[in-house]
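Below you'll find the structures, each written out as structure tokens.
Shared between the two complexes below is subunit A, which has subunit B as its partner in the first and subunit C in the second.
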Partner chain A sequence: MTNTLAKPTGNVSVDTSELSSAGLTRTRRNILSGIGEPVALLGALVVLIAIFSALNPRFATITNLQNVLNQASLPIIIGVGATLVILIGSIDLSVEGVMAASGVAFVLMSANTRGGQDMGIWAFIVPLALGIVLGAANGLIYTLLKVPSFIVTLGMWFIGFGIATILYGTDAYPELTNETLTQWAAKIELGLPNVFWLAAALVIVAALVLRYTRFGRAALAIGNNEDIARANGMPVRKHKVTTFIIAGALSGLAGILATMQMGGTSNHIGEGYLFLTLPAVVIGGTALSGGKGGVLRTFLGVILLTVLNNGLVLAGVSPNFQSALSGAILVVAIVAAAWSQRGRLRIAK
Partner chain B sequence: MNTSFAATASTGVVGQTNGGLLQRRIGKLWQALGPLVIFIVMFGIVAILTPTFVGGGGVTIVASSAAPILLVALGQAFVLNIGSIDLSNAAITVLGAILLAMTLGPLGAVAPLLVLVIVTLFGAVNGLLVAYMQVPSFALTLGTLGIFQSAALVVSGATTVYVESNGELVSWLYTTAIASLPMTFLLGVIVAVVAWLFLRFTRPGQGMTAIGKNESGAIFSAVRNRGLKVVAYALSGFMAGLAGTTIIAQAGSASPMGLGSDLLLPGIAAAIVGGTSISGGVMNPINVIFGALTVALVPIATTALHFDPSTQNLVYGVVIIVVVALTLTRSRSATVK
Partner chain C sequence: MSLRKTFARATRVAGIAAAVSLFALAGCTSTAGGASSSQPLKKEDLVFVCSVINTTNPYFAANIEGCQSLGKKLGIPVEVVDSNGSSQTEISKIQAILAGGKKAVVFVNTVASSDAPTIVNAVKAAGGFVTIWWNKPDNLDPAEVGNNFVAFQKHSGIDSGKCTTEALSKAIGEKGGIIALPGVQDSTTSATRVAGLKEALATEFPNVELLDVRPSNWDPQLAYKNAKDLIAKYGDQIKGVWTADDGMQIGAMQAFSEAGLLDKVKFVSDGLYPPTIESMKKHEGNDAIVGETFHRGYMASAIGLYTAYLAAIGEIDPSTLPHEKRDSMFKISCVTPDNLDEFLKWDNDVDGWVDQLIEKGPWDTEPVPLVAGGPEVIKPEYK
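Right, the complex of A and B next:
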């Protein structure tokens, strides 16, 4: 701008300098908005940690950190699947049903207090396969019959829960008798719980897949604009089915891990996980309309909500207020995210 | 969806074959009568296989358990019709029921009206945030769901709240019946008929459907989209409050974990089974009645048919998917999310 004042006659150079400076600010703004949200999340996390540390000295201890990460692991694992599904613009509500089905199958196939035979490795393979089958059913009904994913997965929620109820029967609560299994999740390895290492590995794999593979780029493309993705020859249907299979398998895995953490299971094992994970995904900044976001954001979102819940308990806040605080944070987060894009003609569903 | 709309607007458009038109007519007829047919078929199967069902008060049981589902589903359908969703409405029902149980004794006949005003305002707040902050409704109402749940826990002290006196002011809704249909259900039917008239014959009603079909188009046609969104959510809150009233009428008490806390998914299922499009622009309140009846019939039918009770959820899930797959209006080009 100072250039323009110094040389009022140089019209052409004025134009280019204005253009380039405008271009520069635009790229700078893009970069800022790209990292803005994660930075805001990290900032919020730091503030929360500072407040809770001041309120209760037991908050900022290694034991409590391990505890928080142990609690966060299952929502992270479910969140990876949920993020992949939400990125393509769909939704998977069947999480809790699939968890129940695989959890009950797992406990009944392992050594448990109801007796029965210990099936060894099959106790893991069959429940995971159950998750994969239910996920595949989600994907196939959704893509072939064109039933909206919301409804298919809503139905599959009940179907999974129904399978769990039938498998569970009416006998006594089955508990795992193998202590290696029940203690595996919380066991500390290299300073962190086993189950968190597993969750972190899944997040890293998913982040790399989303960033560097054809499958990952296709997820973003489909979520952004499915018609254009299809017109460009992307195998949209195959991609969607695969995504729902991955989500189903991860829900199945979460069912097994939840059972191991609880030391036993009933058909209610998955309860509460869906409405814990979905807000975390959204707070992380993954758009429900698809095409924007990622698993690292979901990771941050889950950690934020888990720290909040853990800190509130340690600060002595009544648990009755917890869902209100998570809800309020969710509302503030989405209002903040949408604030800059408001416009009279903008459509938000 | 747009194409079928255009076809009805000008029947016999140039270039349309008779076969295509006939197919479309059948599709339209199925869309209008599908939910009714499905309910009658299911009810017929139950009635034939269990002859004591109809004589033994089965109709009353189905209608009374359908009543709160119907009211919640009608509110949900209004929100779905504008292309959004309200995940918080069942939580509003529970909160409304608790507030009513607490105020009915001291305030008497004013209490139901006061509670209905309050829950309508709750709904309107949802609508204001969705319309003016332009946030995705799924995430927003997921957040307010948590807030209403907490409010219900805090207000009730996390226990069951009993109606102390004046219970007869609302309980007659449950105890009075016309043609073995309890008033709670008939209330839902009346609301559905009024809703149908509102949607079909008034400018705001048509505006809401226009928003659901094509919001940009509606804005350019001077439809007051933001105001109508607030109205749709306020209606959802109001009807959730009515559902809360039917719960108090039936049970005389309310608790944050009790009756009504699991209405969210049946409400959505009933709206969808009743032919409401999840992507907006298609809603017939009369069909939502049959959607709610179908949803209420499934658990009762599995018991009446002597299925093992543990199969109930499985049957429920299958019915939702099959019924929607049967009644869905598909168009070749549309993107399904």
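Right, the complex of A and C next:
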């Protein structure tokens, strides 16, 4: 890359036909490397599906497909936000705290077993706004006070959890009394669960935004080299804050959906989601150093992890071995998927 | 003097002060434990410490309710320790209260078994008295530690597992497949409940098949996911669902409800939490919940704290108590839809129950009298 941009010095004659042919080869290689990883990941997924189907015929049924997609939906929604944040070279650890705050706010503002008033549409708007506020706080503190995103969002995790704990109080576990809400997420429409359609729509929108809008290209540019992006007049701070706001809103949405899925909530509703989603983003091939990756890859990463866990249960693997076996299969799958790219992997030391 | 130098000096002074405090504490460790247990403490010098794993789980919230009710009756202030699920937080908060000057009478629902020795030693060093509930290592014997570790108390997990398994097996006609969702895999409480389940199946219900056991970490969402996977795996082979606590039962029931199977499958669990009572009262899912156990968080904490209090004021001498009053198991009752009403009266009058506790003592108050001594041993074949 550097060589093609370097200005020839002295009286060196340049064979332009050779250059253009080299450029073409490189372009082709870039395209291949761009799709190589997702294709290999897809291959790993297909192999896993084939093995699990052979071990238990019930694995490859429509019921189980609906089950897997239902389980994958929330990590996918959170993963969209996490991918955007990681693409700009930052990280958002506040997911579980934001989910807890939004989830508890949602249940308490809806018709629930603790009584109180059903706030209707506000029961959705306020928790989402809470996610946006916490996301904005992440972005503003990170960009204005120059505190690393790792630290800011870690703090915001506990602030979100604290808000949830205060809102929750010590009364009985609140359950939603409206069955339409509690059954919505898993309800099957056109063969798949509602919550999956929502997750898929968000992935498609995010993929289009990343590919075709200035905001998307700016995210990649900032992640690649922030200084160059800034030198080119890009409003880096604004982009970063917006990205954290989107991630906060999506975590808030996930808190609401998790509450609907469980039919109620406590301040622990978000537990486990962060460390399911972040590996999925990285497994998908989005570089932790930023600037490379995308939401479709994250989608594949989440599906791979969900299939793995589901498949091991259906294959009857003992819970004592499941954790270790799941880790081992994952390492093998990732090594296989990234084999062709190993020379170009951007390893964060 | 520059700000940096002032700060550096302040840091040094703080460091020396901390070191001196540590020496002082070490000195206390070697002497105060013995001295404190021989002299009864005055009521006005006491503070009740009520340490729970978190404050939002219904059981732990009830623990706090029991501590506060007893504190109010006896006129002793109560300090609540919210461990937030962390052993580190639990231990550091307890140590901070112990350093506060008053003599601590402590009830701890330990986050992990391994926390117990550190807490017991810290309370002993500060001259306080402690009762641990639910989790401790088997080799930590109150009698060996001394009077400051007044007692270890729990309800039998094996009895709980047998109780719920009997109700479930009878409800499904004593034949067919069931699945089990235990708590955290290395939790003694969960392991003993699972042992009770396996023992009841092996000895009383040989035609009931345990299709699968998936630990769900006391987490309703993990229970929901595991139940979804097991529904995909076994379908209508599943006639019954056994969970180690009501939180996980909520998740499992949601999964079966989504699959349209709630009225075809029976559920049992431990705890009789408020949402479970509501579900049973309104006969949800064709009376889906067929068995529960009755024991209460406020009863556990009040019994634990009252036992430690009696030792602190010299009303009992722990060293002269029989083994079962130092390492104790209290009664657990089996609840079915038929006898549910008998158990609802207690929750409406926590203060009244605490009055009875004070009148009858920690070992003889219904519905949770002392029934046996520990430790609870799991037979190898039911592990």
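As a working rule, the second predicted complex is superposed on the first by the 291 of 349 C-alpha atoms of A that agree within 3 Å, B and C clash if a C-alpha of one lies under 4 Å from a C-alpha of the other, contacts with A are read in each partner's own complex, and residues count from 1 in each chain.
In this section, a residue touches a chain if its C-beta (ideal position, glycine included) is under 8 Å from a C-beta of that chain, and two chains touch if they have at least 3 such contacts.
None of the values given here were measured: they were computed from a predicted structure.
Look at A:P148: by the touch rule set out above, it reaches subunit B but stays clear of subunit C. Looking at the shared chain after the overlay, A:S251 reaches neither subunit B nor subunit C.
Of the two partners, subunit B and subunit C, it is B that touches more residues of subunit A. Contacts of A:A338 after superposition: subunit B is touched, whereas subunit C is not reached.
In the superposition on chain A, A:T165 contacts both subunit B and subunit C.
When the two complexes are overlaid on their common chain A, residue A:T83 makes contact with neither subunit B nor subunit C. Of the two partner chains placed by superposition, only subunit B is touched by A:M156; subunit C is not. Look at A:D227: by the touch rule set out above, it reaches subunit B but stays clear of subunit C. In the superposed pair of complexes, A:V282 makes contact with subunit B only, with no contact to subunit C. Of the two partner chains, subunit C is the only one that A:T63 touches; subunit B does not reach it.
Residues common to the contacts of subunit A with subunit B and with subunit C across the two structures: 165, 168, 170, 320.
Within the complex, the subunit A residues that touch subunit B are 89-91, 97, 141-142, 145-152, 154-163, 165-166, 168-170, 226-227, 275, 278-279, 282, 287-290, 318, 320-331, 334-335, 337-339, 341-349. Those residues of subunit C that touch subunit A in the shared complex are 54-58, 61, 64, 185, 212-215, 219-222, 224-226, 228-233, 235, 247, 250-251, 254, 257-258, 273-275, 278. Subunit B contributes residues 83-84, 129-130, 133-140, 142-147, 149-151, 153-154, 158, 215-216, 219, 265, 268-269, 272, 278-280, 308, 310-321, 324-325, 328, 330, 335-337 to its touches with subunit A in the complex. Looking at the complex, you find that subunit A touches subunit C at residues 56, 58-59, 61, 63-64, 67, 70-71, 113, 165, 168, 170, 172-173, 175, 182-183, 186, 258, 261-264, 266-269, 271-272, 309-310, 313-314, 316, 319-320.
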